[in-house]
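Chain nomenclature is as follows: A, B, C and D, assigned in order of appearance, with residue numbering initiated at 1 for each chain independently.
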Amino acid sequence: MNDTRENMILPGKVDLPFSYSAGKTASRFFLGLRDHKKILGKRCPGCQKIIVPAQLFCKECFVETDEWIEVGPEGILLTFTVVYRAGKHQPISTPLAYGIIRLDGADTSIIHLLGETDVSKLRAGMRVRAVFSERRKGHILDIQCFRPV
Amino acid sequence: MGKRVAIIGTGQTNHCSSREDVNEMELVYEAASAALMDAEMTIQEIDAVVLANMELFEGRALPDMWCGEGAGAFMKHSFKISTGGTSGTSGAISGYYHAASGLFDTVMVVGFEKHSDGNTAAGMALTDPFWDRHIAAAAIGNFALSVSEYMADRGVTKEQSAKVAVKARRNACNNPHAHLQMPHLTVKEVLESPILAYPIHRLEMCPQSDGACAIIFASEKIAQKKCPRPAWVRAAVTRHDHIYLGEVKHRLATMRSLRAAAKSAYGIVGIREPIKEFDVAEIYDPLTYAEIAWYEALGFCRDGEGGRLVDDGITQMDGELPVNPSGGVISTNPVGASGTIRVAEAALQIHGRAGKRQIPDVNLALATGYGVYCWSDVIILSSKPG
Amino acid sequence: MNRNLQQEELLRIATQMNLEFRFPAGIHYERFFRELKETGRIMGVRCPECKRVLVPPRPVCGECFVRTGEWVEVGPEGTVIAYTSIYFPFIDGSTGKPRSIPYGAGLIQLDGSFSAINHILEEGDPGKLHIGMRVKAVLKEEREGNIGDILYFKTIEPEE
Amino acid sequence: MDPKVAIIGVSQTKFEPDKSYEDIPETVFRVVKEAMEDAGIDKNDLGSIVTSSVDLWDGRTASNQMLVDVVGSIMKPESRVAGDGLGAAFQGMMTILAGASEITLIVSQCRGSMGAHYEISNWVFDPIYQQPLGLDYLSAGALQANHYMANYGISQEDCARVVIKNRSDAKNNPYAQVKNETTIEEVMNSPMWAYPIKEMDAAPISDGACAVVLASGPRAEALSNRAVWILGIGSCLDCHYLGHRDLSGGDALITASNRAYSMAGISNPLKELDVAEISAAFSYQELLWTELMGFCDRGEGARILKEGLTCLRGLLPVNPSGGMMAGNPFTVAGLTRLVEAALQVRGEAGDRQVKGAAKALCHGTTGFCGQGQYVMIVGN
């Protein structure tokens, strides 16, 4: 259609800063990472599940979680992927790997980067361990990644 | 015809410029929990969830995916309504439809916005990339243009505008959830506050707030059982108009989307003299001049008499038709929640649970929503199912 | 609010949205900007039913729900039907930088057009602006084919 | 449920990688006019309009504003579901059942060509725990694919067969964007994007729009002799955080489809449904979704495909249009499925027609890994 003319396209940029409140629960979780290299979960007083990363409330019971509990730093890799398709939104260069990890002592799993990007060296069920960043600032990337034990 | 539906519970966060202690999803949870407590219900008793917000303010895409859990949407029917400034009322209307359809007995609606997470003015400026984006100064610039037109059309004075600001911020003092509470604000102070865009002073504009508001709609059977004095939805009407500011002349003076929505809603309920028949109105006033213009569009007075209504104190707490006992949007403005708050406040007045801002014996209440001059929502609540 | 609850530190997660889009102009904006760039003319389209001339031009008249019809040159002079001066600082979403203030803005009904357009006014002093004043578009010398080709509207001084 | 709401008009654009030759209002006006002509109504008949779109994909705020003129909403009620188009159809249906409108227009549009789809999808993830990791629809989908495939012994070749089936069926679909046949080898050799998802396992990025006209029972009967009735709907939202759900399954889709089945009085979907149009952005999803919708037992999705049950001439053809593999404008996908389902029930699906289709399922999804699920059953 309309092959005879060149389509006029306006390049548009959305270039905006955002700064998201973590809230008191995620803040405490991040401070655990930053200041103590500890991964914290919270227990739901209803279903007794230990939710990691810590959440203010349990989505099923719809009540606030109460007790803080340290979990990990080791756990079992439930599943993984290795991403080759690069994008500006990725925090590190490709290939990069993600895993879903059930940390020891937790009833839910955490998603994070994996330190191993060779598919042949990853398998569901293997044990992995959190590696903390050298410079931590109170952020989910204060855990640099999880690496096979 | 749809089923009878009533509002049986409402909940709000304490709105302020920045809620550092909660993230956006937790803000939603706070409002939803409060509504459940108000209705004496558990989340298991809720069948469906409707969310409402303006996602680009926080830079989010599909924020209902994250924030839905906060409204208790886990394993429930849920989606998000987004219609600019009317999002909060459009979400409420959608919640009403859910229940009135007979498909759901109980529906939770949560409007929310966390302005402090983002950059509101810039988010607003992301309009038509070919046209407005390079010219418009967000909402305030467009308001200012219309106000200059409106003042010329109707002869509304700066003092009348400032009186609306004073009324709003004083009323807000009776509302523990309100953002801007200014018990001693004077007309002089309003007019001495900095000009944002001529002729609009800072204190004549709404603030930007972090906040959420939840409403629980219920079918007739549940409403009768759960709520001693349900707020029955008697009409819920939306009208839409042109988006290019210059395509409709005298926007504020004509505001034909609001006039058409009101006409239709009044027709459904059989209202002839709104100023006499309504006991209270919670209208979406993004700035003082708009409140005066809406008086005219809503038929509270004849065209050109909006300013007089202010001068005569008709819309004060003790006036013939109190408008915005909550303090209105001028006092509290988490955009996606602002419309929901109007509906919740109107319902609270009928429930008789409005605390210090309660108007005595409210049987018929009006709530409106407004969005970028294009959308108007009109909702009428009553103590009688009709 | 839980302000009374002792909390060591409340964190925020900062991030920059940096997304690029390519907006298709479509035939109406394309012709509008091409005329503006090449001939300096401001164009509208007329609705074949209600006969309103719409600027900016668009494919459909919403009032009549029909396709718009013939192209009509409008302006470059027009009448201010609403005005303001912007004093508050804000970030321009398309550049990420603060817009320089104050500046005048108006709704300008170009001669021959039904709809008015919002644009920048050269005069930024609200004391010197009034409804009904006549203005004229001032175009860039080197035009690029976007709305910025109209620099602003300048006041036409009434003849002595 | 009583058949109270019907589909009386449908239209869709051709799905293309780049429709930059025209603006969005132009595209939308065309499908709206076509759907209204199909329904035999004009603008004055419209009681309300529901649109579906997502601001960030449109690169502008309150982006449905740009559609006011072309969807006929001047001085009419318009609302927008910021999500999948099938959700907008739910809203439209409830508007009618609530008595607020007799005839409601549903419109969904998206331009994949305007922005970077996967980068934008990163902004769907919560900004606290997930977004900073750089997750997007692709990487999240890959985690789900790997988990599902490992747990149920599904091979990458099994997924490739989904691509082959849909590409082959898309040949019969005049609206399809991708319609060249392919082979297992070709899919397997396409670049690995995120293990185990390869480029050809992913639906293309598309531009397009579609429109549906819904009517109340009495109006539908008065206006149309080929009305398609909504027999049941169901929807459900799963939790957001990827570590908090079992990715190899999907309770939300099980719940949503069971809700729709129970409303439509369906107990054995494989036998009672004649055709299903489902939203699968990646090949593995078609297998997983068919399991969760109860077309077969868990882990059997690949088997029923291999045995031809879900092929065009099978017991329950799935995506005879080619599904999202044939064209995938984000948010439009679910409503497109409804358009296709309605065409099937009307017997107007051309070369992709399933013979004697009387009862059809359509499905939409929103968020990543099927977090939000919508299922609708339609019939004649």
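Simple rule for what comes next: contacts are C-beta pairs under 8 Å (C-beta built on N, C-alpha and C of every residue); 3 or more make two chains touch, one makes a residue touch a chain.
As the structure is a prediction and not an experimental result, all values here were calculated from the model.
Contact analysis places B-D first among chain pairs (by count of C-beta pairs in contact). Greatest centre-to-centre distance from chain C is found for A, with centres as Cα means.
Taking each chain's centre as the average of its CA atoms, chain B and chain D sit 33 Å apart.
For this pair, chain A with chain D, the centres built from the Cα atoms lie 29 Å apart.
Taking each chain's centre as the average of its CA atoms, chain A and chain B sit 37 Å apart.
For chain B, residues touching at least two other chains, in rising order: 19-21, 23, 59, 69, 74, 117, 119, 122-123, 126, 129-130, 133, 242. The set of chain C residues that touch two or more partner chains comprises 2, 5, 7, 10, 12-13, 15, 17, 19-25, 27, 29, 33, 62-63, 91, 93-94, 146.
Of all residues in chain A, those that touch two or more other chains are 2, 7, 9-10, 12, 14, 16-24, 26, 59, 88, 139.
If the chains shown are joined wherever they touch, the resulting network links each chain directly to all the rest. Contact residues on chain D toward chain B in their complex (touch as defined above): 1, 48, 54-57, 59-62, 64-66, 68-69, 73-83, 87, 90-91, 93-95, 97-100, 120-121, 123-128, 233-240, 251-252, 255, 259, 366-368, 371-372. Interface residues of chain D facing chain A in the complex, by the touch rule stated above, are 20-22, 59, 116, 118-119, 122, 127-130, 132-136, 138-139, 142-143, 145-147, 150, 191-197, 239, 241-244, 247-248. Per the touch definition, chain D reaches chain C in the complex via residues 19-26, 29, 43, 56, 59, 68-70, 72-74, 111, 113-116, 119-120, 123, 127-128, 131-132. Interface residues of chain A, counted against chain B in their complex, comprise 10, 12, 14, 16-26, 56-57, 59-60, 62.
In the complex of the two chains, the chain C residues touching chain A come out as 2, 5, 7-25, 27, 29-30, 33-34, 91, 93-96, 145-146.
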